[in-house]
Amino acid sequence: MRVGVLTGGGDCPGINAVIRGIVRKGVQEYGYELTGFRDGWRGPMEGDVMRLDIPAVRGTLPRGGTILGSSRADPFQHGEAAVRRVRENLAKHEVDALITIGGKNTLTVAARLFEEYGVPCVGVPKTIENDLPSTDYTFGFDTAVTIATEAIDRLHTTAESHMRVLVVEVMGRHTGWIAVRSGLAGGANVVLIPEQPFDLDQVCAWVTSRFRASYAPIVVVAEGAAPVGGDPMPGDDDESEPAGPVPPSGIGEWLAREIERRTGKEARTTVLGHVQRGGTPTAADRWLATRFGLHAIDCVRDGAFGRMVALRGTDIVRVPLAEAKAPLKTVDAGLYDEVGVFFG
Amino acid sequence: MRVGVLTGGGDCPGINAVIRGIVRKGVQEYGYELTGFRDGWRGPMEGDVMRLDIPAVRGTLPRGGTILGSSRADPFQHGEAAVRRVRENLAKHEVDALITIGGKNTLTVAARLFEEYGVPCVGVPKTIENDLPSTDYTFGFDTAVTIATEAIDRLHTTAESHMRVLVVEVMGRHTGWIAVRSGLAGGANVVLIPEQPFDLDQVCAWVTSRFRASYAPIVVVAEGAAPVGGDPMPGDDDESEPAGPVPPSGIGEWLAREIERRTGKEARTTVLGHVQRGGTPTAADRWLATRFGLHAIDCVRDGAFGRMVALRGTDIVRVPLAEAKAPLKTVDAGLYDEVGVFFG
Amino acid sequence: MRVGVLTGGGDCPGINAVIRGIVRKGVQEYGYELTGFRDGWRGPMEGDVMRLDIPAVRGTLPRGGTILGSSRADPFQHGEAAVRRVRENLAKHEVDALITIGGKNTLTVAARLFEEYGVPCVGVPKTIENDLPSTDYTFGFDTAVTIATEAIDRLHTTAESHMRVLVVEVMGRHTGWIAVRSGLAGGANVVLIPEQPFDLDQVCAWVTSRFRASYAPIVVVAEGAAPVGGDPMPGDDDESEPAGPVPPSGIGEWLAREIERRTGKEARTTVLGHVQRGGTPTAADRWLATRFGLHAIDCVRDGAFGRMVALRGTDIVRVPLAEAKAPLKTVDAGLYDEVGVFFG
Amino acid sequence: MRVGVLTGGGDCPGINAVIRGIVRKGVQEYGYELTGFRDGWRGPMEGDVMRLDIPAVRGTLPRGGTILGSSRADPFQHGEAAVRRVRENLAKHEVDALITIGGKNTLTVAARLFEEYGVPCVGVPKTIENDLPSTDYTFGFDTAVTIATEAIDRLHTTAESHMRVLVVEVMGRHTGWIAVRSGLAGGANVVLIPEQPFDLDQVCAWVTSRFRASYAPIVVVAEGAAPVGGDPMPGDDDESEPAGPVPPSGIGEWLAREIERRTGKEARTTVLGHVQRGGTPTAADRWLATRFGLHAIDCVRDGAFGRMVALRGTDIVRVPLAEAKAPLKTVDAGLYDEVGVFFG
């Protein structure tokens, strides 16, 4: 039995732990050979492979990134010939099953290959933003939240001197999971998320009330958050900029300046950026990622193709791979309200 | 409406986050007055109270320990008079509901007071060892696992020089949750837990095989683990020592010496001790603890007494408080086997 | 003997450790009474004091910020009357000596009060940017470098996927100490500092050469760095913005966009901001700050007024307080060249 | 020009940073070839070498341990033939200079080879315990202190519940540098070091007085500390144990039991062990180690053999390699007294 593995999409701490789990159990318990495809779907498209044996995964558990490389390549966007090349390369390397570790786009390719061509695929959900709907959590998310929370923790020192508004921009282009979690865990006073367009007047009211309690406000804003009415920079001449609601310097910087302008209080911005995606995964992410890997190779052994591993409570379960195509899981209004008790 | 709060049992990062959640929502949304009882059940027994208003919980979110103090006091062990004093003191302080944050012993008192005397109690489960059965997780556990994992991570440097066996003793007197989680997340080569008496010959075989792979073994042992046959120190004169399987210097130190004696390899021990119980909670523990607090005060509002909050997947649910009396949740053989792929 | 203490200027981890050192030794060994003046020189100007006894400093060692509050108030900027009020308030509170913890501006006030009015002042140098010339290091600097280095460490994960330029903006308005230290410790490929105007073509050449080595470049830039020729945003209409070389969204964001434009490579920015100033001090900063406090109170005991404590090697020495008025200590060309071996 | 490099003695975070500094500057600026000898002096004795080029040091800056391996091998202990083999192997591999990174023993070999045989050696001092006399600090020390301080920080949570004595055993067989630094930085109440035999009655008096202040004591003890009068376990039958003052289970465990026995207070022990030696070096250690490497290769370029790099203030200087043979640098009584203000 030979099993292929590929990793697609953005960096996410824990991918290597998945790969290690697959390889250790696949080789030791089932006697499989493992073949890595490089750089997501580019690997099968171009036949770029690497051997995945036990020495290859040694020492990778605590390392961020992916030893297989990644890309956003999508054979279906390159036409029929690209899809055929994927199938030919899988055949050429005698791959009997393919484990795909990725987010919505990467897994959707796997789902289509399974559905339309019968390619024996198994999926492992991966997104730092925690917005895949079929699983309670994805690995990488806890790490991102931890990093953002540590940053917010440090800002409280300045907040205690009650002089400045502190704005922290965190990841979350479409969903506010990192913002809500880190905002609550860090004791932020305002949390703004893409799911709920914000009212600048309300934000400024919270900011001002916070100063009256002799404490400066900490405002956490997801990068995809936007004010009510859409465009956060109505007066801007942004012809040369990419379309969409986020100003070129980021919503955090924009928000800080608007708050300054409206409240007369100085504001400072922290933009964490890719720091949230990198470095060693937390213990919780290593646990989840490793178990995903162990269960993915069990799917292969059981011939459970067209399936994806997922977390439900404390159990790893199998769900249809097609669920990866479902709409993103958003922060619902109930949870946002629950957190809202700490605003202002 | 006046609501009492008490915290019992051992230190556990996140207790203050529970209290803060209770107070913020109780005061701001429901207009309740909150009264803290000091040092667990000693507080109601002796009428020792403190005011719990919003300033009292400011800045406590990232702090370990409990601002209310704790103890292992149990009124039922002091006879009928002690139980009566608890009820009198609750009446004297006009407490209409009592939120009890604690482990099995502390919550069992609350369950009995509710069942036998109708005291309107709500429970919040708390144990760093994650062994309460009604909830997927308890806060504090992720922090303990994180600390243990960081220690194991650092030991890999020495392990790479392939000269010494490294034994790490972690918490877990009755259950191996911290050992299993941190052992897996830290990439340990052997994990020993109380649920599974270990065979020293097997441990030494794993240790020896690891050296053959040019790498020194890291052995994680829960403090309550014991060898097959029970007493780990058969030849010892331990008359003056407390009964039971753990030698006075701890199972870790004992194990290191036995491995040295049997394999001829030097062994070194790390004993983390209370370091695992202290300091700031992780972001995940703050999230869980805060939500437990918010839902506990909702129980009070709903008159849901004799209930305990619990985590199920991503939801906070209510279960009978009496469930706190159930046997401890242990690491089952299936999960231990799953992790066992990384042994040796 | 009664000793006043005040803290001025920006946040800096370790200030509380200085205060604690002063109080513990002052009270226990010398039997002094300590009086804190609130919010830097505003305290003596307005007579705003707080008691500084041993309970007041309990638990403050690991806490960032300052329990005394801070400000940038300068009595000499408020005319003769303000200076007189300072002296009157010191007399009113029977202060026999005043320990001033601060940066260049705060200490310059102390130096002038000592020189012009004979006020018995002792100075403790404080600057996160490490640019005070009389001392090898100042506390807070190691903490800032540590935080910046941890962020850079995490970015290497993304850099290994060799797709994007990663720009990190760190503190350093006038000097590049934090940039040079964290850039070297983090393994950055380019470090830009205020002392050395940078050539964008050179920066882009380093960036491009790095990509050829199959690795994405990490560029660390001090907030006060600027390109050769001065204004980094020549085409901008910045009438409404404060004068000076830094564009409103910061040099980091500007640099990322310029690199994108010139090299065709995507660039992402991390702006750490006040995160570098907050939170718990490192062990090294606590050691230095505590020793500064212990030696400052010894200066008082010895009547060594008009002096400032300073670090020389491993010794705490006394230098003239007037040295605080000297030009800032900059990163000299020799050290920058030493570090330059790692560029590109 | 071909330059050999070897690393001897115990693990110490930062060794790889030294090697990387040597290689980057040696190759890029001076065009040297670098040859690594494996496992300390075993490498030259047995001719075991590895190529040290720029790819070999990539990614090693944040990694603990040493890519060259280490040992405590000493050719002078193996007689004249072993020393001759070292010289023959250096000749065979055409090594024009040898950079030796190590502690007292490893460097003493280099000093003798230089003095007695004219081998062109350059030394880099390395000891986690900071006890080499010719340099203000050695790399690795800051990392060890940081790890110990973080552990002590976490114990304060338990100490606040004022129930138990907490004993922390840290490294330091001959000197108390780690104990003094981490004890002060962590706010310990008692620090015991090898340089000053301790009086158990005094320790118990400090412990007891601490409880009276409603706070439990934290006792930091260096592994080599011993009570006045020498043997800490006078009644023990320790025939089968190695000679010397430390009981088999360690001074920390012994001290905890003695304190319990004498004060009637429960005591708990944390033994950090090799955790202090491993993992990623702090930013400060990476800076120092890298600069040591850069200056060591400059020594080679300048023909400054028989020299050792050292830190003096903020400068890297050159001292005679023979200084490595001097007695260890101990914590002097003055500094211990300075710290003593925080005891009790």
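Of note:
For reference, chains read A, B, C and D in written order, and residue numbers begin at 1 within each chain.
We adopt the following convention: a residue touches a chain if its C-beta (ideal position, glycine included) is under 8 Å from a C-beta of that chain, and two chains touch if they have at least 3 such contacts.
Just so it is clear, the structure is predicted and the values come from calculations on it, not from any experiment.
The minimum number of touch steps separating subunit A from subunit D is 2.
Distance between Cα centroids is largest for the pairing of subunit D with A. The mean-CA centres of subunit B and subunit D are about 35 angstrom from one another, to the nearest whole unit.
Once the centre of each chain is set as its mean CA position, subunit C and subunit D turn out to be 30 Å apart.
Within subunit A, the positions touching two or more other chains are listed as 150, 153, 156.
Residue ranges on subunit D touching subunit B, taken from their complex, read 11, 13, 63-66, 69-70, 147, 150-151, 153-158, 160-161, 164, 166, 248-250, 253, 257, 268-279. For subunit A in complex with subunit B, the residues that touch the partner chain are 24-25, 28-29, 59, 61-62, 136-137, 142, 145-146, 148-150, 153, 156, 181-182, 184-187, 280, 282-284, 286-287, 290-291, 294, 312-314, 338, 341-342.
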